[in-house]
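The first chain written gets the first letter, and so on, giving A, B and C; residue counts start at 1 in each chain.
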Amino acid sequence: MTTSDASQVTSRRVAPRSSTRSRGRDPSTMVWALRIAVILLVLAAWQATAASVGADLLPTVQSVVVDGIPPLVTEGYAVEFGHTLGRMMIGFVIACTIALPAGALMGASKVWNDVLTPYAYGIYMAPRPALLPLLILTFGVGATFGFVMVLLFAVFFPLINTAKGASEVVNGPLYEMARSLQISRIRVLLFVLIPGSLPYVLAGIRLGLGMAFNGILLAELWTAYSTGGLLEAMVSYGQLPEYFALAGLIGLTAVASYSLLGVFERRVRRHRGMAVTGSFGEAS
Amino acid sequence: MTAGGQTGQSTVQPVVHGGSAAGGEAQREDKALDCVELRGVGKTFTHGRESRQILADVNFTVRQGEFCAIVGASGCGKSSILRVIDGLLEPDTGSVRVNGRDVSGPSADIGMVFQQFNLLPWKTVQENIMFGLDSLKLPKAVKRERCQHWMSVVGLAEWSGHYPHQLSGGMQQRVSLARTMAREPSVVLMDEPFGALDALTRRFLQQEVVRLWQEGERTGILVTHDIEEGLLLADRIFVMSANPGRIAATVEVPFEHPRDEALQATAEFAEMKEHIWHLLTAEISKASSYVRSRSGPA
Amino acid sequence: MSAMGSVATRLASGRLWRIAAAIVVFFIAWELYGRTGRALAVPPFTEVASELRAVLASGELVGPTLGTAAVALLGFLIAGVLGSVLGLLIGLSSTFRQVVGPWVNAAYATPMTMFIPIIGMYFGLGMGSQVFLVVTFCIFSVLMNTAEGVQAVPTQYFELARTIGISKPAAVLRIVIPFALPYAFVGLRISVASAFAGAITAELLLATDDLGLMMMTASGNFQFVKLAALTFYVALLGFVAVGLVYALERWVAGRLRPSS
């Protein structure tokens, strides 16, 4: 046929988007300058405070760099943190292995949603650190204890987000369309349910990973084990430059993994023409 | 719309059957040609303790090759009728037969075009159309050929690798149309397929649908709240009433295709439009008095 | 009224039964596992329940409960005020959002638990450090949800405000805040659980006190049934706290939008 009507071609890529204000222009040089100014301001304040309270309370910036960073390598602190990360990842993979199928089940079936909701929210609403004294009796000091804490801390977000994503797909128009096209159950799962809930699952994983960091550190602080033990010892023995360097490394790792997952998530959303929301202050 | 329209069309008076259409149609002899047949279809939705009757005793027959429109106010249950015919929704009472067989679920015989396009955003135009062919037991080569054919029919061959969000609404609906048509169903159901489009795009797509129906022997049922759209596309129009949804009247559309702007400017067209409008508003005012009487002391 | 209605509806559709069944299954499993005596820390539920009843009757829980609740509440309030004000600013000013936003995001992604040793050193082993930890646990969910709520206000509302001649501060007060309030409440509801978790964390790891002290004492004296009872009690307190904020949220939402 066919009518290559001009209206169609010219109106392409102008599909109506959300009616909210358009934010998200590329940050200007001005913004970058201000961002850097903020961090310089923080460092200056740090330096001034350090100068006035003394090195026993707060080491200077150069002291953290000069005295704190080399021991990360020479004393093997970074390697120790690597071990901690490894244990955390094992716990987190276990958490996701439970959370993703269970979440999909919750989203897809009302019955399972009713059955699993009390457990999901039970884990979430109960103050998990309160389990520390009990869990240590059950699992002892060491790696297993860490896995369990990571599991308890990290399972909620992937679970609940997967459930939400799956439920939006199952109760949404795409699912009805697939039924109308008589797509088999397996293929609906593979080509509709999983890709459809992917942005939610990714958000759940991102938030869950943040919780996993908190869980493993709490477990290790409680048992004075590995990285947690190091952090505690450094403060007790006044090795503050080392403490801040190690804390900086942990923070950087956590922020980097969180941001990477966020970038991936936004890429997936943008690839589908979905609104990119969530983290603010980033280019768009 | 051209201002000085000329009358070139026949001036057949609208034929109206009041009430359920069953009486008039029982007289027809060529039963073999009946393609879609609804008898006493009723459906009630229950939500918690509240229940609402969506459809009550819906009867109509659509002949093979016929294009019918169901016109009604929003919420009158016209979309539910399509879902019942497609097998997405099971009626509480009555029977639905398509090509002489009872409908028990979605089948390859019936295709549905949705208002919101319902394309998979993570699949390209081509992949979306192939997805529609997924459940058909055909050799891969045949599927690919059909996909190519329909992409060119709807004029999207050069967009095959694009993702839905890169296309305009009109183009997305063409993909959706191609996805349904490539399955070559004998009945095509359309649920307000042009509802989400702007007026100009809507007009282009309407013309395309008419062309498709003139090219091949297809049965179509269009749901719309736009009387003019019904008059431009359909051979017959079922006027629906709401609360509960029933077919209130059936109107034969006497115009020949192509039905263009000139026809829209004729007195006959305006008369038909007003006629259906009266049927609809009568139903709406009945429905609202029904609501008023219901909203007394509960 | 509406709560009653929704309970009745859920009861009718079998939802409530399934939820109740799931909870009952949990306690039965706990009881059965406890009876096997395989885990020291998991006494049967019935034993834990009667121990909890005894502890409650003795009155020794009243003071510690109030103490822990005070830490959680104080931290929660500070985080609520600071978080919603900062969130409002970040939501309203695009410059502020672009400059400060990335650092707030980074702070959110940083595991706050690693600061526990240094917080103890700076704020002393007392209520100050406990409250500070609670604030770090809570502030981000309030801040981020509030900012999201402010950003979600449709542009048309601002255009409307300008058309009918409402000043910017008045628009913030009468349009932005009511619009963002449900979002802020979601953040508060999320952070109330964190507040309790933060308070318990602080009492276990920072300055051992109140409920944390009771748990540590029970653990140290090998009173495992009492430890389990206290843990269960703390979990119940968490449920109650979240439930209270949820009820408050519904009440406020009901006042703002009587129709919904």
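As a convention for this text, a residue touches a chain if its C-beta (ideal position, glycine included) is under 8 Å from a C-beta of that chain, and two chains touch if they have at least 3 such contacts.
Going by UniProt, the chains are A = ABC transporter permease; B = ABC transporter ATP-binding protein.
In this text the structure is predicted, and so the values were computed from the model without any measurement.
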Chain closest to the middle, measuring from C-alpha centroids that were averaged per chain: A
Centroid-based (C-alpha) most distant chain relative to subunit B: C
Intercentroid distance (Cα basis), subunit B paired with subunit A, Å: 47
Inter-centroid spacing, subunit C versus subunit A (mean Cα positions, whole Å): 19
Distance from the mean Cα position of subunit C to that of subunit B, given in whole angstrom: 51
Multi-partner residues of subunit B (at least 2 other chains): none
Parts of subunit A lying in touch with subunit B, wherever the complex brings them together: 1-5, 7-8, 11-15, 173-174, 176-177, 179-184, 187, 191-192, 195-196, 198, 271-274
Interfacial residue positions of subunit A with respect to subunit C in the complex: 19-21, 23, 27, 31, 34-35, 38-39, 57, 110-111, 114-119, 122, 124-135, 137-138, 210, 213-214, 217-218, 221-222, 231-232, 234-236, 243, 247, 250-251, 254-255, 258-259, 277, 279-282
Subunit A-facing residues of subunit B, complex: 86, 88, 105-108, 111-112, 114, 116, 118, 120-123, 131-132, 134-135, 152-155, 163-171, 179, 183, 200-201, 204, 207-208, 211
Residues of subunit C touching subunit A in the complex: 15, 18-19, 21-23, 26, 39-42, 90, 94-95, 97-106, 108-118, 120-122, 144, 147-148, 151-156, 158, 193, 196-197, 199-201, 204-205, 215-216, 218-219, 224, 227-228, 231, 234-235, 237-239, 242
